[in-house]
Amino acid sequence: MKLKSVGLKDIKFPVSVREKSGELQETVASISLHADVPKRYRDTCVSTFIAALNNHQDDMSVNILPTLLSDVQEELQAEAVHLEMTFPYFIKKKAPVTRTASLMEYTCRFTCSAGKDEDFILSVWVPVTTLCPCSKEISSAGAHNQRAEVNFNVKFKGFIWLEDLIDLVESAASSQVFALLKRPDEKHVTEQAFNNPMFVEDVVRKVAELATAHKNISWFSVGVESFESIHKHSAYAYVDSTEI
Amino acid sequence: MKLKSVGLKDIKFPVSVREKSGELQETVASISLHADVPKRYRDTCVSTFIAALNNHQDDMSVNILPTLLSDVQEELQAEAVHLEMTFPYFIKKKAPVTRTASLMEYTCRFTCSAGKDEDFILSVWVPVTTLCPCSKEISSAGAHNQRAEVNFNVKFKGFIWLEDLIDLVESAASSQVFALLKRPDEKHVTEQAFNNPMFVEDVVRKVAELATAHKNISWFSVGVESFESIHKHSAYAYVDSTEI
Amino acid sequence: MKLKSVGLKDIKFPVSVREKSGELQETVASISLHADVPKRYRDTCVSTFIAALNNHQDDMSVNILPTLLSDVQEELQAEAVHLEMTFPYFIKKKAPVTRTASLMEYTCRFTCSAGKDEDFILSVWVPVTTLCPCSKEISSAGAHNQRAEVNFNVKFKGFIWLEDLIDLVESAASSQVFALLKRPDEKHVTEQAFNNPMFVEDVVRKVAELATAHKNISWFSVGVESFESIHKHSAYAYVDSTEI
Amino acid sequence: MKLKSVGLKDIKFPVSVREKSGELQETVASISLHADVPKRYRDTCVSTFIAALNNHQDDMSVNILPTLLSDVQEELQAEAVHLEMTFPYFIKKKAPVTRTASLMEYTCRFTCSAGKDEDFILSVWVPVTTLCPCSKEISSAGAHNQRAEVNFNVKFKGFIWLEDLIDLVESAASSQVFALLKRPDEKHVTEQAFNNPMFVEDVVRKVAELATAHKNISWFSVGVESFESIHKHSAYAYVDSTEI
């Protein structure tokens, strides 16, 4: 019987991720690595993998990962090698009115396979605001709204920056979310959300439309979970490009 | 050197908790038990404890726990025995307008010590809605709102039902939260929250006022965490009765 | 654009699950429900679903779920309806030597789809002990061992009890895990694990062999995560029946 | 009624922490800030706090935090300000025999209060191996062992590096834990653990003895949770210096 994969799960490692600005951002990743191998190999795998991580630790860009994995695959003589690294990523955002700058954190993931099933998936988790169209329509004033989280995963041709994926998602909700808002900014996002009511399914559709229109995205999936302010459970919607 | 405590952490166990209605509610608890003991005793402790759990598994009411723990303490000849059991607890709530019934789940905890530091703390975690007074005041329409979680812990004289603690908290926020709301109910909770804007510190103060006025509550603490819809972080406020 | 699914995530609900013994076991599930629908439908979906849950709350057996979901699907006129319910499940196990009985908790899941993609997957997460063959071979005494968790998912023809899936997994590791062991039992499991060293990939292979040989299992996947006692990360192996 | 505290919870922020080597280590912290204030102040607090974080982001050493908090306290005219920052911290460790270097990650926390309740607590969570003395004594070969986690919290006079606290804990268990071990190293840690059996209460006592003897530690608490390889639950022991 052939094993699909053997490897390591959830090892923490400091990494540098290249920003769209050209700078390197220092962050901390949780990494899993699996290899498809014909026989027992764990000791070699760990050594090879940890060595590769150490060699490339200071520039984990989307460009370098496939090379890193190919090297590991060759050394292990594996049919395929799979890497998943999840990390917090920071972007300096400006508040919408006062332009006050603050750092927003986004969870991001690179999922990369070398060998037989060569593949690369970029994932971002983006917090946004959703405001309920039904609640707005039926109420004499106000409308329930809440934080929601959009998980957006893409395969690409050409190249895509994490910053561009996050921008795309943030343009598709009732409002963006910020780390720091002064009073004129808070007024702006409150009114923007109220003027732009969206169900989770509306956010999913909007992200999917933008992704479909993007020339560098060859596949995508998008899920939106809304932490409903009037319930203890979440509302959820999902679509992927194979459904469209 | 004397050890403060030795014991078990996070064992799952089916338990029955007595409802205010008189019924027993079947649920599943995560239980930790620690004992203050002069010497090594773990084997005995586990056997004694598991036996006690099995004997009382079918009626874990607030009344019975102290007896159960005293029995354990005596058998172990421990200076003190500490039990913490955390469990989901269900209450059938009626929607505010249509009176449609649905089950709401609340996380609850009994923290009970027998012996030297005899004590009993009831804890409830209650989801509520908070609507931001500042956002309402400065915006031409709408106001950001979100789910918040109130953690309310009390010591008591006389007796208090979990149902009464939960009621007290639910009356102290911008609005209650429900599992099932029909359209007239959704209109009602949206408008109620809009007419009742509260910061986390307002909810904390309101719960503290009601707790102070309650004849059976001898000590309390209350913390409110609001999952802000316009930020990725939470707003938080806390007070306990020793501060008042 | 067609939405794949819209629904609810992570609502807690008390359910009864039928045991192999014929008894009903009361437990608490975390439930997600999604439907594939052509248009906006959330209000109806929630009402229909909560009503269905209430009607069947007291006997959530593997037999009844497909019927429940078909009813929901028809009422919603959805192409498909998907339910995922995850719950703690208790089995009274006897210690290997003294036969002392205690309750062990296993996380279980039913994943059920009605309509276009009719499907049923049973999942169990079973804690076991793994003892490292390499560590045993190279050391003058002892061998590192640790708790591991086996996630076993199956599709079936005929019928399979959760108890049987759990038994299958527990027979495939270095040793089983228990809630309560007296000294002769602890001696037994220590020696059994030492005489039965297995890497994560060995456990995966053994579960896969037993699953392949089982006449009622039509598809399976198995993943094993071992919380290595000499590392901070986990060892992991995975296989599914499409690889064999 | 006076509020104990109002603030923010769980904001992620990139920080630099000074290593014992003199270098600065880039990492990502989860930060909570609370202030004891007589009146509503949240907007000011957030701005003041975010500004302070940005000013000091590049050198979050134990020396600088009290100054940072005093500045915040003065600006807010708060009676006290409390900061809690939790972050992964990496130390390059050498394997015991081959001296192969690899990065180990430890969760660390600074808890710092300025004003009325001036205070500073250093916390580390250190993974170690525990090997059961009872299992070794009664079994013909082998002994169950597992990963355990030691949480060690100290107040200090003079100065203490995170590296020194971690060293102290790692010397107090059956064996240390490493990210990368070659075969001679694995043999060494396996045998070391087997020759050094310890219950959770033994690890707690040993850490407490070393802490009591340390000239710069003025208060401590230590808790050990052992993820038992033969059970699904944890064994736990705790002591603090007020008990000794």
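Observations
The letters A, B, C and D name the chains in turn, as written, and every chain counts its residues from 1.
By definition in this document, a residue touches a chain if its C-beta (ideal position, glycine included) is under 8 Å from a C-beta of that chain, and two chains touch if they have at least 3 such contacts.
Everything numeric here is computed off the predicted structure, so don't read it as measured data.
The chains that touch both chain A and chain D are B, C.
Taking the CA centroid of chain A as reference, the farthest chain centroid is that of B. Residue-number overlap of contact pairs with A-C passes half for only one option from B-C, B-D or A-D: B-D. Taking each chain's centre as the average of its CA atoms, chain B and chain D sit 28 Å apart. Here the CA centre of chain C is 35 Å from the CA centre of chain D. The set of chain D residues that touch two or more partner chains comprises 11-12, 43, 105, 134, 179, 183, 232-233.
Across the complex, chain A is touched by residues 104-105, 127, 129, 131, 134-136, 138-147, 175, 177-179, 181, 183, 186-187, 189-191, 193-195, 227-233 of chain B.
Contacts from chain C toward chain B in the complex involve residues 11-14, 25-28, 43, 46-47, 50, 88, 90, 102-103, 105, 179-180, 182-183.
Those residues of chain C whose C-beta lies close enough to touch chain A in the complex are 1-12, 32, 34, 40, 42-43, 134, 199-201, 204-205, 208-209, 212, 225, 232-240, 243-244.
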